[in-house]
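By written order: A, B, C and D. Residues from 1 in each chain.
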Amino acid sequence: MKYEFNNDRKFDVIAIGRACIDLNAAEYNRPMEDTMTFKKYVGGSPINIAIGSSKLGLKVGFIGKISDDQHGRYIERYVREVGVDTSNIVIDDEGHKTGLTFTEIKSPEDCSILMYREEVADLYLKPEEVHEDYIKQAKVLLVSGTALSKSPSREAILKAVSLAKRNNVKVIFELDYRPYSWKSTEETAVYYSLIAEQSDIVIGTRDEYDMMEHTTGGTNEQTIHYLFQHSPNLVVIKHGVEGSYAYAKSGEIFKGNAYKTKVLKTFGAGDSYASAFLYALINGKDIETALKYGSASASIVVSKHSSSDAMPTVDEIEGLISTRV
Amino acid sequence: MKYEFNNDRKFDVIAIGRACIDLNAAEYNRPMEDTMTFKKYVGGSPINIAIGSSKLGLKVGFIGKISDDQHGRYIERYVREVGVDTSNIVIDDEGHKTGLTFTEIKSPEDCSILMYREEVADLYLKPEEVHEDYIKQAKVLLVSGTALSKSPSREAILKAVSLAKRNNVKVIFELDYRPYSWKSTEETAVYYSLIAEQSDIVIGTRDEYDMMEHTTGGTNEQTIHYLFQHSPNLVVIKHGVEGSYAYAKSGEIFKGNAYKTKVLKTFGAGDSYASAFLYALINGKDIETALKYGSASASIVVSKHSSSDAMPTVDEIEGLISTRV
Amino acid sequence: MKYEFNNDRKFDVIAIGRACIDLNAAEYNRPMEDTMTFKKYVGGSPINIAIGSSKLGLKVGFIGKISDDQHGRYIERYVREVGVDTSNIVIDDEGHKTGLTFTEIKSPEDCSILMYREEVADLYLKPEEVHEDYIKQAKVLLVSGTALSKSPSREAILKAVSLAKRNNVKVIFELDYRPYSWKSTEETAVYYSLIAEQSDIVIGTRDEYDMMEHTTGGTNEQTIHYLFQHSPNLVVIKHGVEGSYAYAKSGEIFKGNAYKTKVLKTFGAGDSYASAFLYALINGKDIETALKYGSASASIVVSKHSSSDAMPTVDEIEGLISTRV
Amino acid sequence: MKYEFNNDRKFDVIAIGRACIDLNAAEYNRPMEDTMTFKKYVGGSPINIAIGSSKLGLKVGFIGKISDDQHGRYIERYVREVGVDTSNIVIDDEGHKTGLTFTEIKSPEDCSILMYREEVADLYLKPEEVHEDYIKQAKVLLVSGTALSKSPSREAILKAVSLAKRNNVKVIFELDYRPYSWKSTEETAVYYSLIAEQSDIVIGTRDEYDMMEHTTGGTNEQTIHYLFQHSPNLVVIKHGVEGSYAYAKSGEIFKGNAYKTKVLKTFGAGDSYASAFLYALINGKDIETALKYGSASASIVVSKHSSSDAMPTVDEIEGLISTRV
């Protein structure tokens, strides 16, 4: 089964949301207290997906707000150099800072992060900074959930989704749940379900869907029963090392398996998965193949040090798939 | 043309939103600086509509948050005594106060208000305080726009509308735009359009629809073209003394005329209009008649001192209509 | 014993702090829930003292911030008409409202108040709005404690006291403790002691001194032992119906008795006390007489409906004193 | 001229205020956009002074609040291991983060910093977390100005200074002005002058004294004329490469010269200066010698990569002084 996109559009994907800085432990296998050096990378789910998609050859744009300082300038330059259109990235003029994520790599199974998300620039994107003229040039609007956690970014996303639907732009919602910025799980459920109901494709982990449905121990059947009453016609649910499922509204179900690899850390798996899945779908691959692309891309990124800089090429992904039939 | 409701429900209407205190100038025809005495009434669009509907004989419930002080206790007692079910009114436990509206009556044409809306209890209604078991007992959920202006009340409304739709409760959206609590007109437009698109009936003034559409000088044709692409099938647009129009999705248009009266002040016209219109619709009157009920009720209230206490009976409304054929 | 003031000054007293609106129950002997009418008065400790002093014939100025609305304009006009210089009253330009105090008069012994103090204009007085040229024209700077509860009003007071001391203006500190705006009793103690240590005269109830000393059950001896190590040379401690004590640094102690009266409500006693005490002191009366003036003035005000409008004349005070020897 | 301290105290110095993380560019001579690696150090003026003093052999304690995460734990462990008593360091329990300072080293003359100071743990130290039993064990309480910039840290400092004075602990005020957290220069001037007036020794740059006096182009004569009317009896004013002046209330003036060195970056000069000056003073050196210690220490630190880790030993300082007579 293939997925149809509107082909007379300038951009394959426009992603919207946060663009931040990751500070990754340069020394591994120790707690962060013992890590004395950190390496700087661009980070944040939607910008990672934009970077990953662009490196795979898609035409990608990005809507977001960055700080007016060295970190903001670094982000803009980096993503521009990997081919992402930065014309709709807004520079904050109210003194907000770039969000930071320090990573701790104790072992491949035990990674944790320390986030700086107070008054960060990305959450200050305003609805008036989201433009219909830009969004209508895309096949896909990619939304990630964290941008819904605070006003005015929340309203910017609501407006972007409304503009996408008005202009027949497919909305892909990557749930990307981060507890940090949310006031309550009730609040999260309200906005996650609001956007999911209006999306064409929803991607997330089983836990993230539980968050959306304000439940625990929910099943994939409940999730698709709920979402298929609304706009979505493709729902991807990830179950970690057990692989992922894609449910089509037509009734078909596709299973994707995880590719084993030597894991360095778990960060970045979701973003690399989404960019390769999206690449395959937009390039007319069937859904089963798209699931393989996603898994292979995730497998490559978790074996490397960064989430953004490590995004693979098509050759790397197809190489891995070909060796693992 | 008549409007169908789900008849096996305990409540005709459940209103949700603010319940406040009006402090009306006891001395008229002077600026507030010269007004030395104020009379206390219950006020706020959705509670006024609840009071008005209950006095007309509808079975009415109310969802809202009130302060844990003398003003909150007064509100709960007053509305209970006019027959409104107060079982889902929540008492604030975080020290928030009741909103206040001082009115100034310089002349029938020149009235203004002075609002106290900082950190008021009604805007602290939380989504977890809105219960599906209650909402599903209603024919109609009445939402007024001001409750969308701030979190967490905003999320409480989003949840209530979602629950109403899941349970086939008709959603009536009274736009009730008050600039005070909103951060920007962009923000207002985002949430007004979000709720309007999900409502069955929308009621507002021409100016309020312009706010929803983030435009100026919009036409009724544009408004109904937009809304009829979504859930609404009845749209009421009020043009002040020039009367009001009800547009049905089927294509029918109904005109209602204003009833002339000796105006004391303009406050309360919209709420009394909505409660009588709602009463007529739920009692199986056709839309043309419902418009008359609304206009007659508004005409009665603007000739009296309060907005809530002055809500008319069915006899008063029908009496006025019969004399004005 | 008399108290010396710098006599070549234009103003006897400049008071600084809040000017608000009291909404006093027009119907007595009932809970506020049953009070349907409220009468409007100017209120707030320092403005009440300014009004009281001016009515007694002192030359009085006021520094404070009022709202740019009907309530703010009423306050400015009222105090100007009773003779207070309003040239240093600043009109708020950020949309802050006038503070409100609803009073409930259940019985002479059981009065309570309901305050609206969120984001009120008086607490937004900024240090740059306090001018040395004005303060140096006064014999006395009267500070009331509530103005210390929030920034930037807090810094405005700190600056005013610093300017007063630099210009040999006596600082009188009326403790006026209101729990509403303070974050903690520790915070209150920090600022109360900071200002008390720099003042010439401190006036308060026994409970308020306990708050300043961050203790409970403190004694007058402890209080004067502490304060006389710093700037104060006169400390007035009020013990309600048991009367008040004035302690001079020289070692003298003066006792003032309360005057019995038919009490209507307890509000306004402290402010009327302070204004008459101040009047007497500035007019060269000895401290014992000043205590009588204070008590007489308080006794008159608690028998009347308002706190500000009821401030007595010199004749009324002296009349009462003469009948009670 | 020597300075007398109370010698029967357990601690030479107790410093109070912020303890943060510096992320210093591992690659030099380039803008931060091109810096890809950062090294982690403890940072922040008062903790740097505590570290520097402890390395010189003083008995040092620290009062401050740190985050309950990897950065907070690293700070506590580091300062404990250099000998600082950490028994009065409080662990934040409200989710506040450690402040961060990214440094950019373009050239020895062109260094800038990028600070993360939103909702940082150090500014949440509360007055109730400052204990008289601890402060009274010190010869010196060292206060740095940034801790005054926000409540509740501001009140914690006001309380600490009050406790120090009550217990004959000398108060040394390092002005340490950082514009980031202050609302206005008026606000800064209010609190800087409040603390300076109560201190025994004040240390700062000429620009910082201008900030305290709310002026521009102020002279040292004006500064000492003002401060010597209050508690200070020693005032150190630094003029960068032109050296520094120590003014004694007795009228003596001492000049200290800067030591030339190969500068790597300018950060940390002030903190190393203060710790060595303090060390010399407490060890009974005369003021002229103490100025030399300060300058030599600063000279050593600006030639090295960090501010805290590079704090010199007594031998290093005395070695440098001996070669430069």
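Following the convention adopted for this analysis, a residue touches a chain if its C-beta (ideal position, glycine included) is under 8 Å from a C-beta of that chain, and two chains touch if they have at least 3 such contacts.
None of these values were measured; they are calculated from a predicted model.
When the partners of chain C are compared with those of chain D, no chain appears in both lists. Inter-chain spacing, taken between the CA centroids of chain A and chain B, is 41 Å. Chain B and chain C have centres, each the mean of its CA atoms, that are 44 Å apart. The distance from the centre of chain A to the centre of chain C, with each centre set as the mean of the Cα atoms, comes to 60 Å.
Across the assembly, chain B contributes no residue that touches 2 or more other chains. Chain contacts here close into one cycle, and each chain has exactly two touching partners.
Within the complex, the chain D residues that touch chain A are 23, 26, 31-33, 35-40, 69-71, 73-74, 77, 97, 100, 102, 104, 114, 116, 118-119.
Residues of chain B touching chain A in their complex: 126-128, 151-152, 155, 158-159, 162, 183-184, 186-187, 189-191, 193-194.
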